[in-house]
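Going by the order they are written in, the chains are A, B, C, D, E and F; count residues from 1 in each one.
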């Protein structure tokens, strides 16, 4: 059987204008990479949003695979803007194949 | 009001309501209120807004390459920049006082009203050209110059007395000076000036002939988006709604008077009025998400996009045109 | 068949196969069969379909603003609505009997054949205009009116004898009356009627001059999609394939005859025939996912989009045109 | 270290025309929000689908973060249309930062 | 309470030109279906990429729900191209409602 | 150099830099270097590239339907295919020697330089038409034929001496012969030949009048993408950068000379030169991801897109035009 390693998968829902801030934080704590996927619409405390891509106020999901330590470091680093900007951060354990590089 | 003006206003209003451009906006608005699933893909809408900015920039640049730059252009630029810096002050006072917003949200909303809406401007140009009072080509440069000063005023107001937050300031300044619409408008303007009428001839079937049709579809989409936001909104009050109508009237009149005072022709004075009357819903919201994330987009976007924008398109552009005809 | 008709049909068929519009459809179909990775972004395809609907709606409205509304228009509307309600009955019988579908899927498919395909109509109008038999502008309104009655008949057939499911009924009715294409077609039609030829002049470079070119690229995409669905399909049988060719022939002939009977001109009678012959692949599938989710899209989309649609574009439009020339 | 709470992450693959039904259910059980992300294509019992955005028969992923109770309530509420409409619902535990509000 | 079953959720980040290879592998090991979602941009060992859709060198996320055995079979089958093509494969346990068919 | 040529080159260079098409490219490049957030939605950019390929294919086909096919066309095709097969050899030698790349990456990059860039070709055609030396319509077919031979040579070079990997070979061959741009270019070419000038008249407002404007916006986007990739790139060295400028100069001169030698007219010889000078950044990268996944896109895309492409647009097209004028 293929051997797998356990890593943290972290997904951050953030404003598109803030991508740079988040990815800089990911780079800064030494995580090897990240992947950005699009988001269509949503609802939170501030009501529903949709079609914000036209206005440039839309959001994205930023996904990164990291070791437990790096994940903790990232969470620590990013916590302040999580609160001020209303980002959403979830993380959980995943098995990664040939994942020694993460 | 003298009879001539009244008749002129009637004609203008009528022209507004038989113009396909405005009618498509109304169609979108009504369709969204009826909760139809009509929707224009966001990539298409974004593409159309880029097209409109490139086209209006080019057109302005070509016009200036022919008319040349004189002292009027300089005055118009100065007036526009000054208005963008100062208009948020009155807006802020109204929003905190009558509107009952806190400092943060009042500052954020005020920034939107000092800045401009490209599509409102473009629609006004179309309507004024139909009415025989075409604004000068340099007004495009005035528009680009008015996009960002208001952001600085709005931030100062919102953060007055607070510990100046460092985080994000450099991103913000960058966003302010290199934001997409400023770059595209001014870039296309310069290309238009370099290429002149000859260079433009080649691309005019695309940028000129298609312009009004694209504007129709874009306004259809803006009607949909404006009405949907109104339906989804939670934060709107009648006080805020009233301000969102009062501000464009006041700012529009001030801008038009200013334009007349510095000697602009009728169309250009009206265009300056429209720029002052319009509220941003693209450049400024993005800047606010960066610099004032705690401010509520449910307030500033709904006011500028769902109330002020339709009011300007349907009523205020015609009013401002009539006022400019009177003052110049 | 008299020689004249035969010659006319040959000429029409030839014209069909040298028209760039049809050739781009064939290109897309062949490219997909060859498993090429050619693909048009979905946002672009969606944008083109909205453009085509806005343009055809405007054009129809402008035409009616000039020709006026008379009793013929009323008759055509009534005929179209009646056909949309009734055509699913025969389709249902064929699908359950010869096609061996169960009640649910037979009802779902029948709804598609009572409704219409906007792009088939638009392509037919282009071809008939080339042949010198342009359909009346009011046929656009007939098309919009025919989109939805068939959905109701189809649902009644599919649910006959079952406990009427409540869930989703109000969404469905709403979807039926405010679905995107009905709103856009009729909205643009009304705008065209209000604006008339004068209002249209401004936007015609966009909506008229660009029309055929956009139709080419859109049909390229529909060719790709139709063929890919055929390749991916699991549920098609030769019985269903035969029905998907027989129904447009029969419905097309019935519709053309009906048009001739109520006194429509050649082009309009042919257009009514095409509407009856065409099968929906946009409005109805979305309604079926809401109201009959257990029905298999692999059946109804493949039949309407991958068999009936190409058959209509490549063969049946020409046949119906020839029949209409004979009957009127 | 940043404190995290454990919540359920629920992802529902649903037809675009059914978004309203699903989000109404989410709102009804008292979950604070949801986020919708796009889907390109897929394959299931009914064969492959793609390019359905042109036809309006495409699907989306609806993602929501909820407490265990709310998640159970949502699952209960949404189960009937899961079966009839062929939706796909998966859920798992995630750590959420500053997630007390969910 | 609604009964759930535990299945593996597998997500593979792959080049768009390689979709066919991955989905063929999924089909081959007997998994019932898959779903493809779009990706905007990312950063890895080879630097940042974005706007690759214009060049046709963009990536997608391929998501599939499978039993433990099928998941293992898929991992085994796909491991070689994971390494050669720089794909990213993560998997974890999820609860699935009415998930007997997976 | 005789004075006439120098003057001609000056005029050509001037024309290059006042052409809106080129200016929009420069705008995009500068905006990205200033890290502006200006961006064109990817669906729109993709849509524009499909439009450009369909339009250029149609135009070429119509031209050939009028001029007919003669021996020159056959010679041009043979020359193009031969060049595409052979040019990678020299590129490979330079890349391994001076460029210090390993075999794998040298082969991958070499494939790009043997193949062609559609947009470079299209821009060159625009510029040469302005200069009064329009290339023959059949050059579109030559372009389509040159897209893929280089891929085979590049792969042979990259895999020389290795165990031939089986995996992916059949996909690759399929990708090579049915890739989107080959299918669309040749398909539209054939449609243009079938329809001829008559069939084209209908769709020319869309495909011809809009062409230059779309090219402006597309080049704006390519400028943005090229500069962003340069900023993000990690793998570029001054050696590779030099090769990415030397190769288009050498290949362009060879191609132009070859064109002159087989008797092509000035514009067509220049177009052959441009095809040889240009490097693929669409078809070949996709093929490399399939067949040589271990090669680094950070090298081949950055060289072809961020260095060679701008160099060709801004400088080399004019140089090649001047050379062709001299040689023919």
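Basically, contacts are C-beta pairs under 8 Å (C-beta built on N, C-alpha and C of every residue); 3 or more make two chains touch, one makes a residue touch a chain.
Keep in mind that what you see is a predicted model, and the values were worked out from it rather than measured.
By the touch rule set out at the top, what is the minimum number of steps from subunit B to subunit F?
Minimum number of steps from subunit B to subunit F: 1.
What's the rotation, in steps of 5°, that superposes subunit A's Cα atoms on subunit E?
Rotating subunit A by 120 degrees superposes it on subunit E.
By CA centroid distance, what chain is farthest from subunit D?
It is F.
Name the chain whose C-alpha centroid is farthest from the C-alpha centroid of subunit B.
Between subunit B and the rest, the longest centre separation is with E.
How many angstrom lie between the centres of subunit C and subunit F, each centre taken as the mean Cα position?
The separation of the two C-alpha centroids amounts to 41 Å.
State, to the nearest whole Å, the distance from the C-alpha centre of subunit C to the C-alpha centre of subunit D.
Centres of subunit C and subunit D (C-alpha means) sit 35 Å apart.
Please output the residue numbers of subunit F that touch at least 2 other chains, ranges allowed.
Counting only residues that touch two or more other chains, subunit F contributes 37, 39, 41-44, 46, 175, 180, 205, 209-210.
Can you list every residue of subunit D that touches 2 or more other chains, as numbers and ranges?
Residues 17, 37-38, 53, 92 of subunit D each touch two or more of the other chains.
Once bound in the complex, which stretches of subunit F touch subunit B?
It comes out as residues 18-21, 23-24, 27, 30-31, 34-44, 205, 209-214, 216-217, 220.
Considering the complex alone, what residue numbers of subunit E touch subunit A?
Against subunit A, the touching part of subunit E is residues 13, 37-45, 59, 61, 72, 75-76, 79, 82-83, 88-92.
Touching subunit B in the complex: which residues of subunit C?
41-44, 46-47, 50-51, 54, 58, 174-175, 178-180, 183-184, 187-188, 190-191, 194-195, 199-200, 202-203, 205-207, 209-210
Residues of subunit A touching subunit E in their complex?
The touching residues are 1-2, 4, 7, 9, 23, 27, 32-38, 60, 65, 92-98, 101.
List the residues on subunit E that touch subunit F in their complex, please.
On the subunit E side, the touching residues are 15, 17-18, 20-21, 46-51, 53-57, 81, 84-86.
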